[in-house]
Each structure stands twice: as C-alpha cells, then as structure tokens.
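Each of the two complexes below includes chain A, the first together with chain B, the second together with chain C.
== the complex of A and B ==
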C-alpha cells in the first residue's frame, strides 16, 4: 500500500489572533504555526498502517514550518517527505490545494490519501471530500480507526452521540481522519536529529481548477462575552462569587 | 430561486437539525421561491410527516439500512441536483455533511462555504457569515449562486414540524445507490449508557485541553464529586485517552443540557459549543480571555483553573448546611 498523508501548518488558535490591516485576513507576522491536530492524527494512522501491513508513507507538508514538521514525520516513520510551496501569508484553503494533492497522489501511485478531517482554515470546504471527488475515489471523513482488511480497509467513523459506524471500502480511497487508532507518538531528540538528514523534496502548487468560492469581504472577531459576567482573574474572589452564584441558582447542595 | 435543504435521519427518526436546514432556506425565501427538502435514509416516512415547512420533499427511501453511507447520499443528492437545477444547496455540518458538501462542490464546480452561521440575500448573491479559526474569527463573505453552504447546527431555529402535502412528496428507492456504493456499512455501534449518561446529568464539570495532563483530571473529578456532578471532557481530552468516549461533550460526543455546566480549560470550539450551549447555567474558566467559550458563558473567569478548583473545593466542603 502506498499512502500519501497531508500535513497542514495552521495558526495556533490557542494564541491571540489579530486581524490584518485590510480586514480580510489575520495578521500572520507574529503568529505561531503548528501542525493541524487532525493532520497529526492522520500521520499517526499512516504510520500505524505502515507498521501493520508494510505500507510506504509519503508526507506532503504545506505552510510555515513545513520543513520542521517533515523532519518530525520522517522521524516517526515517513519514507519520503515533500514540502509544497505556497504563497507567503496566504491561508491554506483545502479547495485550493486539493488539485495538487490529487495530482501528487497519482504521481506517487498512492492507494490511500490520509488527511485530517478538518482544519481551521478550510472555510471553503474540507480536503478529503475535495480530493476524493477529484480522483473519483470513495472518501470517508471523521474516522477514528483504520485497519487493513484483505485488499481494502475497515474504517470506523464517529457519528456523534457516541454512535460509531464501521465501513468496508476498497482501495484506492481518501480518509479524513478525526482520531488515529492510537494517540500520536512522541519522537526522541536523537531520532529527530537522525531524521534531519532526510532529504526534503520540493513541489509547487498547481492551479486549483475551481472558480473562487467566495469573496471574504471582512473578517471580524465575535462580540466578546455575550451577556455573560466577567468574574475576573483572582481565584479567591472568583471562588467566593461562584459559591454565591451556585447558592442563588439552587445548586449549593448536591 | 430554488433551494434544496439537505436533511438526515438515523433508523426511523429524522435529525433535529434537518428542520433547521429547512428553516434556513425558508428564512431567505421570497415570494415565488421554492424550498425543496432532500432526504435519504430509512426515516422517509418521518420526513414526510415532519418537513411540512418545505414546499416539497424528495425522499430517497433506504428501508432496510439504518444509516446511509455518505457516498450513496451524495450520489442521490447529485442526481436530485441534476434534475432540479437548484440555485442553492444547504448541507448540515454533520458527520455525513462533511463528506457530502465538498464532494458536491467539487463535482459541480460550485462555490462552497462551510461553518455558516448567517445567510442574507443580496440580489443575485448571498451575504454569508462563516466561522473560522475555531470560532475565534467570523468571515463576512459574498457568494455567487449557484452555491453550496454547509450550515452549523444550532445557527438557525427549527422549522415547525408538520406533514408535507402527500402530492408534494416524491419518493424513490435509495437501495440501488447504497448497494452500488464503494463504501459498505458493516456495523453501527450505539453506546451503552448504563454507566453514564451525560444527556440526563443535571450537573457537569467539563475539562478541556487547559487541564494539561491526565493526572490533573483527578483534581477536577474531586470537585465534580463535591458538586454532585458528572465529569466530562472536550474532544482533545478524550482523544488523549484521559476520559472515556462516553464522557465527551460536543459534536462527536454528547449533546447536554444540564442545570450547571462548569467548563475548566475548555476553549469552546464551535463543535464543543454545539453540545452544551443550551445548558441553564454555564460557568467558564480559561486563562485566554478571547476563548470562544466566554461567548456562551453566563459567568466567566480568567484565573488559573487549578487555583480556582482548589479555592472552590475548600469553600464548598467547608460551607455549612452540606
């Protein structure tokens, strides 16, 4: 099995996001970029499949810090790593990169494309269904377990409310991974150093082939706080207030 | 303008967000416009008896299949789009919708906006508000028709349930599409709620990524015990294996409506808010003052959560009358 896994570097949403001066993007200058969490799980699922059935894994990374994350991917077991060049300071739109990912899947004779089910920048649509539709391969999003099954796969998908659905599907296929079968592994410093020698291939973005999805006229931050009351940042004061609030709401006693 | 509102169901029931999709379409429909509900699944009968807010219902009946694989759903929807030539297709942001929306957009070449909260008409285009960056940013977008929108559950009110005029129901067999799907459903696992059922819990203490590590869960668990509350977690906490799946709140976990929801170190991604924003009393503690959880919290605090849990536990244990 040849697996292509997609690793997108996205702004750290836990950090503070500031809007760019033109109001149409976020100010990317001081942002920390990190691997999309779901893509990290996709990478782990790829490595688990490799360990289970001897697949080869090609990792494609996109965005700021791609080289660093590709070294990490190599240390975790990726056989080949490729950095996909994009325009500086552009958000990573899954709609825009889908054609390039599909072309790479064909070029690498991939049987399986794995990516995270979502990213925080996929407002124009999610990568797995775009790539699946472009290749006309079946796709399943929101997976939390992927196992080899004869010539195909046995895939479990989360459906909400704890309901899980298991599918059998033939290859080739595209999966949008929500959670890997096991939590992503840590890699040691020595493995990372060893992997830093792995040559990083280069590729450039192809035209998306799609018309632009929408014009973003303006970004804004949601109204903060709603009607909620700010209790401040002093733990002792907050605790005093909460005891009173619980009592006032009839929640003081069990 | 003709709009298709995509709806879903499992087994013999329709999903509540189906009525939201119909209402979202209805909310921008002008005189002479048509709202067509599209359903694919086993609950075609339930769809016909509850989607009356739509002008018509096109129902692909999957009698004999509890759920329908997204690939089959998308194929049936594509056929419907080809026959109906709509201007707008509304897809719910659901497990199924995640596979359907971009598939349709890719194969039609139409624009797609995801995580949509608001839709307004503006001549031949739509002004749409969509969420980005885990709900921390809202994007005001202009979309040209025809287009696909993936709409957040909870963003629109539910339409009034009622029967669709029998003459306005067009039903056909979904099984050929299911049988020819390259994705075959082999099992559905519905959890056993015998041990814990968050959906009926009156008090919930929920920990998020901010709890830091597995050992710290115990501190929150102790507070939950003092409060007589169930302990719960957001997706990252459950994905890390720190709490069992049945204790997950949010889109892929449980939707809860307790009297008390104390969120500790939960940032409040839209998928989490979907599962808990209707709780009676929401108290959120997070050191990031811009965390979206504060947008739904009745009370918010930005202190260190461990300091607070310690102080609050002390006071509750010491309080007389307990």
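== the complex of A and C ==
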C-alpha cells in the first residue's frame, strides 16, 4: 500500500485574527501556524496502517511551517516528505490543493490518500471529495477507524447519535479522517532532532484547471454586540457580577 | 562465604557504565566525616539519630572483643593484654556492651512501639534478625567474661560482668563449660552476622561510607546529562545505570526518611522513594528477568508521580540519588512516546510554540501593555538587568498582576531592565525533568541564542524553575550566566538604599520555600528579609527551608491530571499553615505557587482565613515626587 497524507498548516486560532487591508482575508503576517488537528489524525492513521500492514507513507505539507511539521512526520514514521511551495500570506483553496494532491498521488502511484475531514480553512470538508472526484476514486469522510482488510480496508465512519457504519473498501480510495484509530503519538525531541536531517522534497502547486466561480467580497470579524458583557478574569468579581446579573433578571434571589 | 553472597553485586558494579566520581578526594572525605562521624543527617530525627550513634560507636568498641575472640584461638598466644586488653579496653567493652543493649532497646522501642510510618514497606525480618544477633553477640560476650571471672579471672575492670559472675555463682553453673559455650555462641553469632549482611539492608555498614564518598558533587540544580556513549536517551535496564547509581541501590538502609518527606507519597500516589530504590535493588539481586525495568519493576505511574522536589535526596543519610534514576527512566518513556495526554499536550505546545499553554509567542509580552511605562526590548538596546520572565508570569492572567508589580518595583528602584519579548521560550527546567531531554536542548539552545544577542550584566528571573535552568542546566551548553531570583535582586536594592519601602504595620505571615529556589539553589534568606522589610512578622511553618514541602507542581506534575491523588500536596501545605494559628497571608515567591495555593485554599474553603500573596505584593515603595502611584500611566523612563 502506498499512502499519501495531506498536512495543512492553518492559522493558530489562539492568536489574534486581524483583517487584511483589503478586507477580504485575514492578515497572515503576524499569525502563528499550526498543523490542522484532523490532518494530524490522518497522519497517525497512515502510520498505524504502515505498522499494521507495511505500507509506505508519503507526507505532503502545505503552508507556513511545513518543514517543521514534515520533520515531525518523518520522526513518526513517514518514509518520504514533500513540502509544497506556496505563496506565503495567502490562503489556498481546497480545490487548488486537491489538484496538486491528485497529481502527486498519481506520480507516487499512491493507492490511498488520507487527509483530515476538515480544517478551519475548509470547514465544509471539501478537500477529500475533491481529490476523490479528480482521481475518480471512492471516498469516505468522517472516519474514526481504518483497518487493513485483505487487499482493501475496513473503514468505520462516524454518524450522528453514536451510530457508526463500517465499510469494506477496495483500493484505491480517498479518506477524510475525523479521528485516528489511536490518538496521535508523541514524538520526543531527540527523535525530532534526528529527523531534522531527513531530506525534504519540494513540489509546486498544480493549477486546478477550474474557473473561479465566486469571489470573496468581504470578511468580517465577529463584532461585540450589545448583548455580551466582558466580566473580566478576576474570579471574585466575576462571581459577584454573575450573581448580581442573575438577580437583576429575576433568575435568582440573593 | 560473605564474598560469595555478594558476588552478583560485585559483577554488576564491575560491568556498569562508567561515571566520574573520583575527583576532589578531600571534599569527598570531609563529607563522609560529617555524615558518619557527626551523624549530621541522622540526628535530624533525634531518637533514631542517637540510638544509631550508640549502636555505631558500641560496634567499634566491641569490635576489639571480636578481634580477641578470633585472634586468641587462631593464633595461640595472641592477646590484647599488652595494649590494655585486660584493663581499660576490658572496661570499655564492659561499658559499651551495656550501652549497645540500651541502643538496641531504644531501637526496639522505636520500631515496635512508636512505629513511625516511614518504616512502612521496609523489611521487618531484616530488622528483627539484626536485633537478635546483636543481643546474642553482646550477651554471649558479657556472659563469657562473667564465666571467666567466676573461674578466678580479675574482674576489677568489668563491673557488669563481675555482677553477672555473682549471679552465675549463685545459680551454681560450672565456670569452665559456661565460658566455652558462650565463646562458641559469640563466635557463631558473629559468623552468622557476617554471612547474613550481604543479603540484607545491613550491607550499609560497609557501603554507606563509599556511597557517601562517591556522592554527586555537581551543583544540586544540574540534572545529569545523557552520557554520550549511551545509545538511547533513557534507561530501561538496570545494567544501563552507571556504577554509582547501582551502588546506591545496594546502600539503602530502608530507613524510610525519604518516604516520610515525599509529597507524592503523602498524596497517596504510588511512589515511595524508598521502595523505588529497594524494588530496583531486589531486581538487581534477582538477576536478569523477563520483567522490564520501566513499566515492570517500576511502574509508569510511579515515575510520573514525582514532582522532582528533591526532598528525598536532601534527607537520605547515605546520599542515595533518587532523581537521576527517575529522570533517566522517564527519558525512556518519553523516547517511546509513552506520556499521559496532559503531558503530551504540554510538550507538544512547548515544541510548537515554546510555552506549555499553547499561546502564541507574540502574546508573551502582552502583560507590559497595562504598565504605565514602556519595557525595554533587550534585543535592541543594552540593559543592566535582563529579565527572564517565564511562562506563567507572562501568560497566566492571575500571575500577570504580580509580574507587573515586579516591573513597577524595578522601575521605582531605577533599575535599567529589559525583556526578550517573543524571543523568550520556556526555560526547559521541568521539560528536562519530565525526561524530555531533546526538547529541553531545543528550548535551551533557543534561549541561549536569544540571550547571546543581548547586552546585559545580569539575568533576573521571576520563576525559580527558570532560575535553576538558566543557572545550572545551561552550563551543559557552556553558557555561564549570572542569574538571580527577583527576591535576591529586590533584597539587594533595599540594602543598597535604591528601593525605598513604606513598611506597613503588617500582621503575621508565613512563607513557603519553593523547591527550586530553596533546596536547589539555597535562596532561603532574601525572601525572608523582604517580608521583614515590608513590615510583616514571619512565622515559619514546621517544614521550612531545606525541609520545605513541595506544592506538587514541579517536574511536569502541573501538566498532568490529579488522578489517584488522595490529598493534594498544596492542600496538605495549606493545612500546615493554618495549624500555625493566626496567620494572615501565605506568602509565596514562585508564579506557579500563587496558582497552586489559591486553588488549594479555595478547595479547602478557607478563603476567609488565609490569602496567598506573592512577596512582590507585600512590597510598597515609598511614594516620591515623580513615582507617586497617582503618576501611574505616565511615562517615567
């Protein structure tokens, strides 16, 4: 099995988001970037498959800080790591990423593509279906367990209300991973240091071939409406204020 | 036979990895002399110390009797009579035989009547056997002398034996036979004792002195580095420990002093530093087995329970080093990725962002915004004092207030200081002690590089943990900085008349010595001087200074869950403070402590009785024309 894993770098949501000057994107210059959590699970699932059935794992990372994350992927067991060269300071649409991933999958003769089910820059989870469509491979998103099964896979998908569905899937396939079968492992600093010598391959973005169908007109940060009140972070004052507010609204008596 | 029984240990030590412990012989000997000659640590527990000293001295005096017993039969004509064997030596033997019995009596009283909890888990049979053997040896010695006196020997130097001879005479036992029986009883008991020692905790009679001699003379705050020739960062087999670490295992006396002071043990966690040592010792004695060391002989939960407070090592009378072993075994777990979810989160955040909270570096210096004056960027202009702020002091909203207070005090004293802003990383102190050596190296190197870019005279830290890393651990990379804690700098400023305080008529307070300021780096007095200078009366808790009781947060514990904790160490500590009576404030000098102890006070529901204050919050500068508090908000620099 040849597995291709997609690792997307996304803005750290703990940072302060500010709008770019044109008001159509966020100002990425001062942001810290981190690996999309779901992609981290996709990587773990790939490594678990490798450990379970001897696959080779190629990791492709996109965005600022890709090299650091690729070293981590190598330390965890990825056989080959590739950084996609991108323009810094710009968000790349899932459609463009998908075109590049599909091309890479063909070039590497991959028979399984794994990516996170969504990311903060792909909240609708479009990447996996796009890749599936471009390659004309079957696709399942929202997986929480993937096991090797003969020549194919047994894939469990999470549905609502605790319902889970298990598929038998033939390869090649594309999966959007929700959670890996086991939580992502910790890689020690010494292993990271060792992996920092791993050669990192480079690749460039493929044009998606699609016409742009829509454009962002305006982006807005959440505004503080009149309905919220910041009570600060001093526990005692907060407690007093809360009690007072509840009492004032007739929800509690002092 | 004694040698045969010790053969496993000898070969284990001979094949163990090397470690340099042969330097500075004089300093080493001096340590042995105070530890053994003066029983320095032993006497911290007065009863145990005194009874041990009695048995110890009596043993040496009575050794002359052993020489006589063996010499007289092996070499006919041998006698100590020439040097006083029948006069003053006989007198001493007579006297110390009784003293020895008193010592054993006290030991029996301690072990079976007082029954201190520290003996829990120690070998009861080892203790019982030694009492029986000593009583046999000393009893037979006395009765042999008595029988000799009965047979007509001079008893004027042996009053006790003479008195016994009187008794024997009254019962009418035959002198010659009794003497002979007692002699063989005596010799037999001694031989049994000798054979028995190597397999028992009484090995310490031979190993205590060498173990103390070969103790670690490095600064207390420097965690041992990973030896260069070791293949993996951690240790997973006893044989991978160097010979001194293995000698430690053999030297344990099972006294349990370490267990009695251990905060993890007190909290009900599955860690007793004593049993950590004895479990490994028993595994060493048993030889190779299928059970792995880490996760087998020593469980993972045991290893993660340690706060690295160092109380056990401070207390151990034979200088056993618990922490290097714990850290080495943690290194193995980390290398294998076997860490708890909480620890994994913290370490991943530290890897990614350089702080355990997962906050962006750019927010590190945010606390300065609410100051009434700008703080210098030490990376772009020279400063006198480079302030290494630390994670909690930078990011935790509850601690930021204290951080600003410290900044205001420095400002009031006219100190030229600056910080590293977003170039600062976690110091790595607790990362290293959690066993994450690789990440520690990355963090340390990053800080050393950032500090190297700055021009300054001294470094000040808020956090004792950072203090320890910068001062001790960073030497590993050849970085020698002059580092001091803010309490030391503030005390110095007051001394020099640069910081003028307006002392209040403060009430009674108590002070908690942070492990990494006190026990590790000897910073006991500056905080106390500051408390007094601020106008408060200090009332120390019973466990203070070297004996301070850890808050429970160190060594990476703060990043782990409280699962299995019966009583949090911080709550134990607050109860100790409450037991002092009318104390107004529980004063701390470590950012983590403000968080830990405020939580403990809330959990105990005693917020109306006690309040946690950082030392910086006690200090009020005397208002002057240009630094009056009203002037806050105006640029002063």
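By our rule, the second predicted complex is superposed on the first by the 230 of 254 C-alpha atoms of A that agree within 3 Å, B and C clash if a C-alpha of one lies under 4 Å from a C-alpha of the other, contacts with A are read in each partner's own complex, and residues count from 1 in each chain.
Heads up, the rule we're going with is that contacts are C-beta pairs under 8 Å (C-beta built on N, C-alpha and C of every residue); 3 or more make two chains touch, one makes a residue touch a chain.
This structure is a prediction, so every number in the text was calculated from the model and none was measured.
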Partner chain(s) touched by A:32 [first = chain B, second = chain C, both, neither]: second
In the superposition, chain B vs chain C on chain A residues touched: B
Touching partner for A:251 - first (chain B), second (chain C), both, neither: first
Which superposed partner A:233 touches (first chain B, second chain C, both, neither): both
First, second, both or neither for A:214, with chain B first and chain C second: first
Touched partner set for A:141, first chain B, second chain C, both or neither: first
Which superposed partner A:191 touches (first chain B, second chain C, both, neither): second
Touching partner for A:183 - first (chain B), second (chain C), both, neither: both
Chain B versus chain C as contact partner of A:14, first or second or both or neither: both
Common ground on chain A, meaning residues reached by chain C in one complex and by chain B in the other: 14, 16, 183, 233
List of chain A residues in touch with chain C within their complex: 12, 14-16, 30-32, 34, 183, 185-193, 233
Sites on chain B touched by chain A in the complex: 10, 67, 69-71, 94-96, 98-103, 105-107, 109, 111-115, 127-128, 130-144, 147, 150, 181-191, 203, 209, 227-228, 236, 239-241, 245-246, 248, 251-255, 259-260, 267, 280-285, 287-290, 292, 294-304, 307-308, 310-312, 314-316, 319, 321-322
Footprint of chain A on chain C - complex, ascending: 233, 334-335, 337, 339, 341, 344, 347-348, 351-353, 358-363, 397-398, 436-442
Complex contacts: residues of chain A adjacent to chain B: 11, 13-14, 16-17, 19, 26, 37, 41, 94-95, 98, 117-118, 120-130, 132-134, 138-142, 154, 157-170, 173, 176, 178-179, 183, 210-236, 238-243, 245-246, 249, 251-254
